[in-house]
Amino acid sequence: MFKDITLGQYFPVDSPVHRLDPRTKLILLVMYIVAVFIAKDLWVFGFIIAFMLFMTAMSRVPLSYITKAIKPMKWLLPLMFLLNLFMVKTGTVLVQWQFITITTGGVRQALFIVLRLIALVSGASLLTLTTTPVSLTEGLERLFAPLKVIKFPAHELAMMMTIALRFIPTLLEEADKIMKAQLARGADLESGNVLKRAKAMLPILIPLFVNSFRRAEELALAMESRCYHGGEGRTRLKVLRFHWRDLIAFLIMAALIASVIILQNTFPIDHWIAQAFKNLTGLK
Amino acid sequence: MLSIKNVSFTYDSGTPALENVSLDIREGEFLCIVGHNGSGKSTLAKMLNGLLLPTEGAVIVDGMDTADDDRLLDIRRRVGIVFQNPDNQIVTTVVREDVAFGPENLGIPTEEMIVRVDEALKSVGMESYAESAPHMLSGGQKQRIAIAGMLAMEPNVLVLDEATAMLDPYGRRDILKIVHELHEKKGITVVMITQYMEEALGAERVIVMNSGHIEMEGTPQEVFARGDELRKIGLDVPAAIELRELLKERNIADLGNAMTLEEISEGLCRSLLKI
Amino acid sequence: MPIVIENLTYTYQTGSVNAFTALKDISLTIEDGEFVGLIGHTGSGKSTLIQQLNGLMQPTSGRVTVDGFDMNDKKQRKSGRALVGMVFQYPDYQLFDETVYKDISFGPKNLKLDEAEIDRRVREAMRLVGLDFDEFAEKSPFELSGGEKRRTALAGIIAMYPKYLVLDEPMAGLDPSGRKAVLEMIEGFRKQLGCAVVMVSHSMDDIARSAEKVVVLRSGEIFKMGTPREIFSMADELNEMGLEPPFAARMAASLRRGGIDLPHGLYTNEALVDALEAWKRGEKHV
């Protein structure tokens, strides 16, 4: 039954990571992305990924959930790898065969891109795995609240997201009922070509849309009756407060960025390897 | 405290929904408005908190005119409406936060809001569902949450616009019980709009609507004594009243004003067994 | 030939931690032309059961056959489903086309009937549900009133000439006169088309009026099956289950408890009054 689907991919356990303020986690993600983008040495990625593994362990989310998030990229990753491998032509030439040229620079860049993507996706999915969609919405609303000055509709967007989250299960259930009602009238949803099948969906889509509009209208009336008049003058039941653990988290993330910078400047291992490789093979 | 003065209303499509309706809702009363589909009773409900404005006439809530835009929030805080479809009035994904939606809009300070929300949930017996997801609840439970959402705004009048129409008998009985409790314990004014005649039995006053105007008004006793007229406008009398009338007609027993199953059963036993 | 349900068990999400058995070992036959009332508390498995009747859901174990077509078999299911018309609770789940006429013809079209036959059936169905052809045929179903929508939805199923008509809460949300009209309509189809009717309803009064056989479901099992007389004699038990037996049945039970010893199986006010009159006469004669 559709009722039982969990929204997003939230993994419900209690952990220090789960307990962080959603705003903290959003800012941490931004900091983490910065760290990933300033990393320019391959081996530093090893360091970043070790950090990710550590955070995952802290969050008590099974590692398989993170790999599940990477899985949808199973075509993208090899493609990016191959593109970079063949396109980038810097450093020492390793293979030269007809029009194919593979260089050390290409290998490095290919690995680099793949690791960067993995690091980014695993970071983002750790956020959604440890934060409910509702508190994510709240965090976003409050982070963007100062932008109201430039007319950025932070509250409105958050309200829309909340309502969407609230109604997705209801609509899925309704879609199921409508589908059954039409199947009972002999609707054929399975045979025929794409065009025919798309047309066969109309008896399901039209009632779904019509009902959704009616729902929206009724919901608007109900919200108005409950004195909704936009974000102005609104107070909140749940007050987000920063705790010590949020500060500690910020410090840890700052330390990551600092380490990335310091490590790759003090120990440019990639560069050393490239040098050694050049000397060893004597290639140009 | 809530008065409807010579109100007429015509929808944009041109269909008149209300014609010169006047009605005073008294503080603390339990009023039931019955009528068939399309009799204008739901239009009337939406007039009570300014969701619809009269084409002619006025609706005055505690001295404030619903046509006055500046007083609208004040009016809506005082007149809470629970609608028919339980799904379409719950806004957020957690019960507790949904109950807080009204107070949040009113700018109630957080500490007070927490007290109000807990109190409201307790009044409808849903405190153990505070952290639940609304879509996992039954229809009756969702309506209880909707009522709690209104109570948290501390309204003077609670309007139920066919709030039981989509519920099963169990849920319906449940909501009815809670509304009566709120009326008795908290003295809240209740306006119950319904098409189930049984629900009107417990009211203090019954208004019967028919094609946009008030057809009858009186105590349940007075209104349901006019069974033939009710049937003529597509309504019914509660089975209990029907039985009582039949018993009288057939000279089996005269049970006076008995209206409930218990009253009739007791009266019958007394009269037939001569005890 | 009837619909035969044999040892039907249905489990949602088999094998997962959320596995939930909604129907347990149900055996039931729906005879040709019979009017069956299906009652039970929300969550008793009523909706799941009726969806098995036309193969929208298939049993986890057990078998459903419709006039001999095995609904477990994908090919036979199609033939079986064509015999079973199903009307869901809200017409809004079903209405979609531009006009009432087109919407009603959706089902017959899916049966691959020819134009003339479709036209004949749409007209006939509209007549049976009391929708005036000239007035409504070209109207959009979305402009109709609640009652008219329900009639259109019913007509859409009737036009398929089902041998079995399954109705899920067909009167939900209607006012007393609307309820009566729909119930009379359903009785009308049954007479004119000779179809069997399976009706799910919370309103025992409606079931009491029309059904020949009543099936009471409780937590996925058949709690009791019998004539309305037999079923409504158990007013107190039904009450305990959260089902509301007809008023007259509850009253009779209450009077019996009070010492007036009335016969069993009274579930209409008229019958109750007759019985009371007889009882009173009997008393006086003694």
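Just so it is clear, A, B and C label the chains in written order, and each chain counts residues from 1 on its own.
In the analysis below, contacts are C-beta pairs under 8 Å (C-beta built on N, C-alpha and C of every residue); 3 or more make two chains touch, one makes a residue touch a chain.
Quick caveat: nothing in here was measured; it's all calculated off a predicted structure.
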Selected pair, greater C-beta contact count between A-B and A-C: A-B
Longest centre-to-centre distance from chain C, chain (CA-based): A
Geometric centre distance via CA averages, chain C-chain B, whole Å: 30
Distance from the mean Cα position of chain B to that of chain A, given in whole angstrom: 47
Chain C residues counted as touching two or more neighbouring chains: none
Residues of chain B whose C-beta touches two or more other chains: none
In the complex, chain C residues that touch chain B: 41-42, 145-147, 172-178, 202-203, 205, 242-244, 246-248, 250-251, 254-255, 258-260, 269-270, 272-273, 276-277, 279-280, 283
Chain B to chain A touching residues, read off their complex: 46, 49, 51, 73, 76-77, 80-81, 83, 85, 87-94, 96-97, 100-110, 113-114, 117, 133-136, 146, 149-150, 153
Chain C-facing residues of chain A, complex: 1, 4, 174, 177-178, 180-188, 202-204, 206-207, 210-211, 214
Chain B to chain C touching residues, read off their complex: 36-38, 138-139, 165-166, 168-171, 173, 195, 197, 234-236, 239-240, 242-243, 246-247, 250, 252, 261-262, 264-266, 268-269, 272-273
Touching residues (chain side chain C, partner chain A) in the complex: 12-13, 18, 51, 54, 56, 81-82, 84-86, 88, 92-97, 106-107, 110-111, 142, 156-157, 160
